[in-house]
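Chain naming follows the written order as A, B, C and D, and within any one chain the residues start at number 1.
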């Protein structure tokens, strides 16, 4: 389950995420489950910046699978630099790659993937991506990994 | 990335987890990242019930990899029945399987894995599992999946 | 800011809340901010059990003020028994009292208040409580504290 | 329970906090309980920047009371500018005031207080503040409110 760590240049979009006191668990490290919250924060902020994703109208995105490999822990009060790329696009799905980096670092602390499907808000059924979403995916698509 | 959904009989330990109002995201479903919190809650409550895991002394467990496949969403105020088994044991690592079920249901809403390594609290370096931990793993080990 | 601790008999509705591994902070105690999540989980589960509160239609409730006094910490894997009463009802607002208890305990670990206002979903403006909500408040109203 | 909203000039220390996708609840607003997480993030980052607070040694701080008044909601992907001051200092306690502001705004979205006591790590009993902590409090103490 352990992938090759990819450097920052493998990604196409970045967002800074500040850690919180409550993120740290009893070991003094940011709790592992929160890494997935950082992943979907990065993805949704990218999609909202492109205008495609709206909380209360338009298509919804549902997660069907996710994974994460952990290389080195974060701890509050560190700031996370989260990096994003699109690895694969299907008619109704998309696979994202995300790397979490310490400030100015080039070796990832963690690395993972999210698979989203596009869901019609009214019917709650899978639907094909609208054209502007496909363009948003292409804009940060990479061939590596 | 989509595994075969496994029934409840594939697991050996269960814990109930109550959902919270804040778990629901804007789509009205429990946020996907929280599933991993349910996974580590299940694992650590099992280990604490066996006496091996102590928050402030003894070996620590660090996550090195995790994944989850999502079949059907939970929503507050549902209660989750989380089921656990050990899939593989190494000298310094363990792979857990977890299934999340609705109350009384036999088809999982989500299914995932956690890989933990054993870490010495003083040196923060990987160490071999103590004997009583290995026994705790064996007690819920399965061959399926 | 420190109120008199009230026993369980001061409340009219209870809900069990299971703690999670990630709830514990570096001190090994459930993080203080989560107590408010337990408060609103208790309130919303009461309102949903009465049929008044629906996530996606009908009136919304917005918090305008909250407070909490902390007497003794919780720690994972403890279960919380959360107790609720209504302290005051206005035309467009309600004041809740909540006590958090350990299992079978009569002395609260924490005690707090929430003030909600009723908000029209379409206009996002305050509105008067519907009649069935007022009845739900009366059903657990107390005069103490 | 509703205090007068205080402008940014009433505070002496600021920290930026980025919101997360999962912070938003079903109403599309940052969940109310998280405001307290922003409060303790602000306080602990101030104390850590002054060198007094260490996660694994030295005095601990336990919350004994907190409150918050909510004026206007935040929503992901907004960034929060959290402002801090010390309102009162006792031999073994301190009262903080916190205001949460939108970027560049002077009217608070929320305003609250935290009361911490100083606790000896070994005995878990209240203790008097060390001198350098008292100096950290004085450095951002205000007389207003």
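Please note the rule applied: a contact is a pair of C-beta atoms (placed from the backbone, for glycine too) under 8 Å apart; a residue touches a chain by one contact, two chains touch by 3 or more.
Note that the coordinates shown come from a computational prediction; the quantities given were computed from them, not determined experimentally.
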Joint neighbours of chain C and chain B, given as chain labels
A, D
Count the C-beta pairs in contact for A-D and for B-D, then report the pair with the higher count.
A-D
Taking the mean of the CA coordinates per chain, how far is chain A from chain B in Å?
22
Go ahead and note the Å separation of the Cα centroids belonging to chain A and chain D.
29
Could you work out how far the Cα centre of chain B sits from that of chain D, in whole Å?
34
Within chain D, the set of residues that touch 2 or more other chains is 21-22, 24, 26, 28, 31, 33-34, 37, 40, 55-56
Draw the chains as points, connect those that touch, then say whether the picture is a line, ring, star, complete or other.
complete
Help me check something: in the complex, which residues belonging to chain B touch chain D?
21-22, 24-26, 28, 31, 33-34
For a test of understanding, state which residues of chain C touch chain D in their complex under the given definition.
1-2, 26-27, 31-37, 39-40, 55-56, 60, 62-70, 73, 113, 115
Given the complex with chain B, which residues does chain C contribute to the contact?
15-18, 20-22, 24, 28, 37-38, 40-41, 43-45, 48, 55-56, 75-77
